[in-house]
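Sharing a structure, written as structure tokens. Questions coming.
Chain naming follows the written order as A, B, C and D, and within any one chain the residues start at number 1.
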């Protein structure tokens, strides 16, 4: 292992510690994925309980790791911490050959205030991670403002391009209310972004990796599941990292194709409804099915459309048990149209 | 095993199938816990994929099981299905000796429309279960009304007495949007009710127990975790069932003591603020700490109180790092006061 | 579920209880696999702690189940219990359509004395199961004779046609010494039969399924792993049972092809050495490699051959880093020769 | 993390790499346990696939780690590698304060040839580890001699003082036959030493930590269980390492008290039978019970004694369902006698 300390900004006391696995001709895997660890501490400090120990969990699965000690509030203000992340990623990209890091497989994990910063990398960063893990993240005004004023509330910045997220929280968290995790998840839902959310009945603030190593028994032992589970999820999103390279991902970062270059039945109804008349003509048979169902159930057509607008056209046709070749023909027609 | 079919209502075609484990002098455990299974099917049918197979999972952990086939919409209307549940529980209570069932350890698990009914047993039933598991439950108007008009939206009926819940859903559920699970969880949060929530990035509607036995590969294999995890959770809430009887529960059904006969530091700030002047006098030193923090951070006192009102007094004092004996004395003073 | 009681022999008080899963047009899987449960009890009784409860574990994974209550020693003697198994299998085969059982996917699980009987079905039965699970099995003379005189010691009857086995035992078993499990495994090793063996440091006799439901705390909680792990193993050996039928097996029942109709590089060296001169001519280049290695390391050629005789020719060529096409050509030559 | 390289012997090219976790006032655990990693490679090289990557697994559970690169056969001969271990332990002891290592909690893990060396530390070292993990270890003459001549066969050196062992192997290991693991386990059984043994049907030589990171798919995915399982086992043997220090161990390193300063009912029958006449007089009632059982079953008394000689007196009395106070009185009498 090589451990490299890089000062990002002397004055602001920001730095990153990069942990690089031993390489050897005995491994045949090519470049490795990277996990960036953002410790918590209310932007007042960076907790040692959420730093190197977390990096070790992912290194044990073959990840390179980087613990980022970002700008604290006595040395700066927002958006310094997000800029620290951008600076770190830039530096990592510049060293990606030397450090054996695959820039297409970058994940972030953050805790509490670091979970706020992680959620900001997912929503606001120029170079968004491929996957983000938020552990008891601060999202909502009451707790975000208590950390530091002037910072964004990440749920307000979620859109089609937000990174897929894995969110963990304790229901009885006495410091960062579990609602933070839920409101952020709801924003992801609305935008069609893929996410996992795991809330445990008992897990006080600061459970970190959730094992006996860190807990004094005031939590459910089930908490110890989240790290290994998140590693499997990362493999689903980014492709499992094996001795012979990455496998294919099995889960898409977005639930729909609203951001693809051409329209398709994988676009959300919401997105299709916003398109030009040509598209609406193609879609007519679908609309008629929806109208028929609305009438049959005594709903307004507009109400039903709104209720199902986040589903893809394909999903909606599935509910109507539409024949596969009909779906195929519709898809071909839609794919003629550029998505602008 | 004994399997007993009980017709609840011939006309409405409602019935329950009770599955009783083999008993023997070789077991020393006393009465067993019971799981009541509510299959899904949009109140139009009761799916075989969410009935006996589910019962078997919990029987393998020692539970007696009961699959309830409730009133479908062509035979009746709300509140028939909830009444079916009440009738079933009454019949079970009447046979609890014969059937070796401990009436203090009743859990319910429901799927989709059955998840709606499960959430209604948690909120509206006269004899609420000790624990409720809701799998891709229908909660919100759009989907609930689509099943059958005139039914309650369970999130609107959550209060201090709601049963603790374990909620599971697939983020890409194309039929019952994942928001149903989240909005119900948020209602539980507000009311101080204990819950677990697990949303998986990929798990289409109808994954049932989530194993290869039921899935055609269109979901994450991680889904198979939820049944065993829910069994551990049931043990945390109701006490693990062992060869020598029940162990002590490790998680309380409510986060606070707002429903206990006397006040204590385990009550929520919200509940304490509603009490009489005597209580407010006792609480004065706590309020002063809150006021000091508000001033230090440039918040309004009322705003800060509102932000933390769902926490218990003990949790709030923990944040202020109050000495244990000071907390003890405050608790003694509060416990003099009846909770009315 | 249907539960069918079949008396095998009134006089000997032998019977089987068959548990059949609910079938429905909602399932699409075809015929199901079957697990036959053989409870322990020293051939003096059939323990309720190792009967239906065990059946339930495998039913929860989609298996049909059969608890066989075989001839006890006050009603008969060896080979009655093995004959009971044969009779049961015959009856199951006769009902396989009615009972929806795939006769190519039969597994047996036995405990203690039932583990002895299970090991006998793997070695001595006319219709051997596709897979056998032996839990703290009685194998060796001291304990087998103590149960009942005149019974076979299963390790002495292992050969190429023995069923693959999954063996579990507690190292501190105070009744059936753990050596029973190990000696049986060694016999399987010698014969080239596939097996899993799991010995846990702490697991007193009679832990059955190894969960809190059955244990009073005198064992490692890790014991609870064996049932789910054995279900995965059954899937590896017989093919995972899914909603759309069986997947392909991933592990062969035998390590070599010594029982196949034609010779190949998958045969063990031991088997090849016993063949005629034609075969020996084909094998000459391999023998020369072995001789060269023996000389280089100062071993006798015969000694080295004996040491590696249980490996397949392919494995041995792998150690010599032989080119794939050379292996292919050798294989083609060997496959010309019938295996007699 | 601090990584310290220590050259043990320049000429023999032996060295150890010590990995020390980040310490901080935020941790409250006292000194940490240590894992010593012994890579495989036939005493010809030290495989990178079984070195740092293994250390990382245990570090993620809070262990300090040490990868020992011992004397290879081109630089020396037996007992150099064992001496390297002793030298390493001595150096670790000398730095135990500085390196924050608890010398009462030392574990060793070794692979293949390193598994041979690990088994030698368990049996032959002056400072034996508290627990030893052997992964596809070389134990028997054919493979040990092929590595290097003149080395001991660890199974021949097992006695009462051997360290408890956790042994893992692949049944189809084409290089180190699985019999190595079984014969070593049988020696541990005979000596009353605690062990776990896990043999997987499919796991070719060199699977290391058994995850996709290291495997190209030629093994059962169940192999990935062994590292986490071994960490739980280490906690059972040495006490779980938590944020507030070590918990009590739950498994004793030896099954009996044959090595304790005074006799007791926890001694094995074998050990008691070797004692003087005074002891035999105390034991008379026990011998009579055994004699009665032998007669009832038509065994010879000597044969039955031999069959059960590895059990403790207490276990034997348990089989006879002896009253607890009778066991207590016998124990008191035995404890008067020094164990010499």
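One rule holds in what follows: a contact is a pair of C-beta atoms (placed from the backbone, for glycine too) under 8 Å apart; a residue touches a chain by one contact, two chains touch by 3 or more.
Quick caveat: nothing in here was measured; it's all calculated off a predicted structure.
**Student:** Any chains in contact with both chain B and chain C?
**Tutor:** A chain counts here if it touches both chain B and chain C, and no chain qualifies.
**Student:** Which of C-D, A-D or A-B has the same interface as B-C, meaning more than half of the contact pairs match by residue number?
**Tutor:** Equivalent contacts to B-C are found in A-D.
**Student:** Please report how many Å separate the Cα centroid of chain A from that of chain B, as a whole number.
**Tutor:** 28
**Student:** Between chain A and chain D, what is the gap in Å from one C-alpha centre to the other?
**Tutor:** The separation of the two C-alpha centroids amounts to 43 Å.
**Student:** Within the complex, which stretch of chain D touches chain A?
**Tutor:** Counting only chain D, the residues touching chain A are 1, 3, 19, 21-22, 24, 26-27, 29, 47-49, 51-53, 56-57, 59-62, 211-216, 235, 240-244, 247.
**Student:** Given the complex with chain C, which residues does chain D contribute to the contact?
**Tutor:** Answer in residue numbers: 142-143, 145-146, 164, 171-172, 174-175, 177-179, 182, 185-186, 189, 194-202, 220, 222, 225, 229, 232-233, 236-237, 250-251, 255, 297-299, 303, 307-308, 310-312, 315, 318-319.
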